[in-house]
Amino acid sequence: MKKILNQRETIITDMLKGFVKAEKDHIAVSKENDRVLYRKEKQEGKVGIVIGGGSGHEPLFFGLLGKNLADAVAVGNVFAAPTPQTVLAAIHEANQGEGVICLFGNYAGDVLNFDLAKEMADTEGIAVVNLAVSDDIASAPKEYQVDRRGIAGDLFVIKEVAAAAAKGYSLERCQRIAQECNQRTYSIGVGIKSGTNPLNGKPSFILNDDEIEYGLGIHGEPGIEKMPIVSAKDLIKKMYLALDQEIKAYVEKEVIVCVNGLGSTTLMELYIITNELIDLLENKGFLVMDTVVGNFCTTQEMAGFSLTVQILTEELKELYQMEATSPHYFHKEGY
Amino acid sequence: MKKILNQRETIITDMLKGFVKAEKDHIAVSKENDRVLYRKEKQEGKVGIVIGGGSGHEPLFFGLLGKNLADAVAVGNVFAAPTPQTVLAAIHEANQGEGVICLFGNYAGDVLNFDLAKEMADTEGIAVVNLAVSDDIASAPKEYQVDRRGIAGDLFVIKEVAAAAAKGYSLERCQRIAQECNQRTYSIGVGIKSGTNPLNGKPSFILNDDEIEYGLGIHGEPGIEKMPIVSAKDLIKKMYLALDQEIKAYVEKEVIVCVNGLGSTTLMELYIITNELIDLLENKGFLVMDTVVGNFCTTQEMAGFSLTVQILTEELKELYQMEATSPHYFHKEGY
Amino acid sequence: MCNQLTIQQVKDMLLHIADVLIQKEDELGEIDRHIGDGDHGTGMATGARAIQKELKEQESTSVNQVFRQSGIAMMESMGGASGVLFSSLFLALGKIEPEAPEIDVASFSDGVSQAVKDIKIRGRAGLGDKTMLDALEPASVALIENKNSTFVEALAAAKSAAQQGVENTKGYVAKFGRAKFLGERSLGYQDPGATSIAMIINEMYQFVKEEFK
Amino acid sequence: MCNQLTIQQVKDMLLHIADVLIQKEDELGEIDRHIGDGDHGTGMATGARAIQKELKEQESTSVNQVFRQSGIAMMESMGGASGVLFSSLFLALGKIEPEAPEIDVASFSDGVSQAVKDIKIRGRAGLGDKTMLDALEPASVALIENKNSTFVEALAAAKSAAQQGVENTKGYVAKFGRAKFLGERSLGYQDPGATSIAMIINEMYQFVKEEFK
């Protein structure tokens, strides 16, 4: 493994220190738990937004702390959900008396730890709602949508639920929006070359030079199948067809799209992919309201990418269009 | 080479198409030359900002088209400066009668092509100023600062010169600022693992598993020396000492910092690096006004990074602090 | 022959288990790489180091407390699925009534049964779902069957049951944890969490065999 | 024996050179990889394809026009340092007065001398700076010396001079182009641009040898 770091024992701490130094005016470390960062500026009387998960997916999650975005983040070890104590501390930092909503990817570890934290917060009288994002259509069939794992769809769910909180909506309304927004978000990914886990220096999987992993997870978990590498056109068509099964039944036709790089896939490739995807969506009668392209949810330096499509409602559209600013994601209408 | 693309002949076109589709409300292709993109919204009566260079460094350059940033971009082939005709078309798109300033990295190819374009524009009566960014301290000694090549320092120079133009400053004043800002910008990079040129599928260089290339250029040009890989602390100290030689004499102590990833170096590593760099700067009495961390100037999926420090003046600081928005870079005070 | 474990013995046993888990980091990681995200070894090693730190730095006034300290150390350090679930094992052993300076086979067996229940409630998985339960539940059954035997006999039976459980996981399709997304592709691979459980129980057995020989 | 090149012959010669440059893409890229950014082969091949397209699609009414069309095709397609500099070679040949349907050795040699001057002005490099000039300038000198010889003799001399020039670049430290940042590390490697020049002149020689045999 060739990575620039000090000892492997301190990678998370060193990374968080660097981040807080870079963002010193805006972001601070929780006094209760050094795996928790929070946004310094508080907006009074709103539902708190906690996000979190394992490390190794940067800029998710801490890169989304910001205005009209997340209030606090619970940071786990590499690819491991944060502990209940860490999540609880994040809840404390985000809580302003209106309740807290926690958003995380749907993985056994995250569900277990966030659920425990919620139980602990309950005993303190803090109302907490947990929502596990489950956008990865490759991981379970439609009938088991809530069992799917969470991948880059996190971005849209966090964006919109945080906007709802920033608008002053109640915890109940935020929860309803979170569910709806998660339900309307569909992603699929492929792996092209494994990244390496910085703790053990090992690749997550091995592929032949002409092979890709179709439908893989963002921790390098194997996907649906290994398949030969094909052209961007053919690959995106295959992926789009899988997405189309999920979205074709909607009467609403306005969508937002995210083409997410997993680490080392170049922006050049991501835009070549974008070109194919938008054509396919438009040919099927969808109206692409906005497209974001970049590395939001990574797996270390894995080569690969995911496509995310969210079917908008009027409400979600309004939330999506709200201005938002954070170190690694921003949204601004008209520039 | 494992990259997701169609034919290699169309990679630039496909990429630009994807980008324009993703940014359809804001960015369009020039009718004069399909290698030129421009920002649709025009701010009347300002100096036009043209940026450009070879492809393969995405998000530079087209990712910086935006509000208070660049007006038009001239896109070259992979690692090859744009042709004079392309640059001229970009000048046409950016020109609003107040003259145009072209910003690009200081490479023989870019200088030759931008100079030819300027000559062509001169004959049309368009006042053009060319500024070749030369921030890479590894590429030539201090006495030959203008001979240095341009790397991630492009970001700060473009940001500030574009802000000057947006403030309505004259072409002369923009030129003076561009020179000053370039002179006060210092970078140094290291390569850890080569990226591959998508046109020929070849790595730019080969390093042993325990070797890094110190001082390399953003096209994979060899650097100062190959050296064994060391800890983040030791490496950043070495790089900082080289930077310190350049910046220690300034009476101004306020700086901005960019930690730029070359492609596949993880954000985790970049923040570990940031942590070391900011400590060193602060220990030497510098005041870090702002830090940006991410992939701005890449070399395909190369592993490696560069450090950039700019010594601010009051004028540059004010320009830097101006709000700016583009698809892949934004600046907003307070969030 | 004495058939109780004292505070010190339980401490030594847990420290020994922790040593082994740290040594096995790569092996466990490798197993997780096939059907999960490859971090199970690192997770267990992190928990093991936390146990060592806690037990070496803190006094314990009961066997229960030793287990609780270990469980909390795991829960606060590991994260992930196994952070919650493996700490449940030790936390259940810490809950045995009454607080006592030693533990016998019967209490130990009851504690493990309680752990199986807790883990099932938390994780909602059952036997055959290709999780740590496939090793822990048969081990627990073997312990209860040997409630009145010696620690050595009971743990020998538990160890074999757990190992058989690990073997069985190879034939199961995962329904919980990261491997659940794999479907049939998880067939043929053993479950990492079950492997850790079998390791832990085996090391308990090795420890008591030495201790009571 | 005839010692002039007609419009058609110049076209054929340039198409032949273009074929060879396309074949040599990898070889030239490899040379650039050592001291530059590895794209010289791609650049020349791009220019070569543009020449082929232009010359096959467009009529030409003079030898000068053939050279100009080729130069413009390169300039508009290649970019990079070599886009400007290699097109200068053909643009200079296109500027020879008067416009004519054939070209003789003397005019050709004058055109190449003019190209050397243009390239020096544009690129500010000189002999020994490890650039294409290290091949082109000696070739130009050899052509002038053989102004009154046949094309075959003149190009034979030019070809040898250019090849020697490429050899010489191995001993130079680069002062222009990407390799200039390498300092002493550029020693021992030949310059890619000079290599292309030697290739082009060699193929001109091969072409006239066939044509006039």
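Read from first to last, the chains carry the letters A, B, C and D; within each, the first residue is number 1.
Here is the rule we use: contacts are C-beta pairs under 8 Å (C-beta built on N, C-alpha and C of every residue); 3 or more make two chains touch, one makes a residue touch a chain.
Predicted model only: the values in this text are computed from it and were never measured.
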Chain labels contacting chain A and also chain B: none
Chain B and chain D, separation of their C-alpha mean positions in angstrom: 32
Length of the line joining the C-alpha centres of chain B and chain C, rounded to whole Å: 54
Between chain C and chain D, centroid-to-centroid distance (C-alpha), Å: 75
Multi-chain contact sites of chain B, meaning residues that touch two or more partners: none
Sites on chain D at which at least two other chains make contact: none
Topology of the chain contact graph, where touching chains are joined (line, ring, star, complete, other): line
All pairs of touching chains, each written as two labels joined by a dash: A-B, A-C, B-D
List of chain C residues in touch with chain A within their complex: 25-26, 29-30, 33, 35-39, 41-43, 46, 75-85, 122-123, 176-182, 185
Chain C-facing residues of chain A, complex: 54, 76-86, 107-109, 112-113, 115-116, 136, 138-140, 147, 149, 197, 199-200, 202, 204-205, 217, 219-222
Touching residues (chain side chain A, partner chain B) in the complex: 2-6, 11, 14-19, 21-23, 25-26, 41, 55-56, 58-59, 63, 66-67, 192-193, 195, 198, 209, 212, 229, 231-233, 235, 259, 263-276, 278-279, 288, 291-295, 298, 300-301, 303, 305, 325-328, 330, 332, 334-335
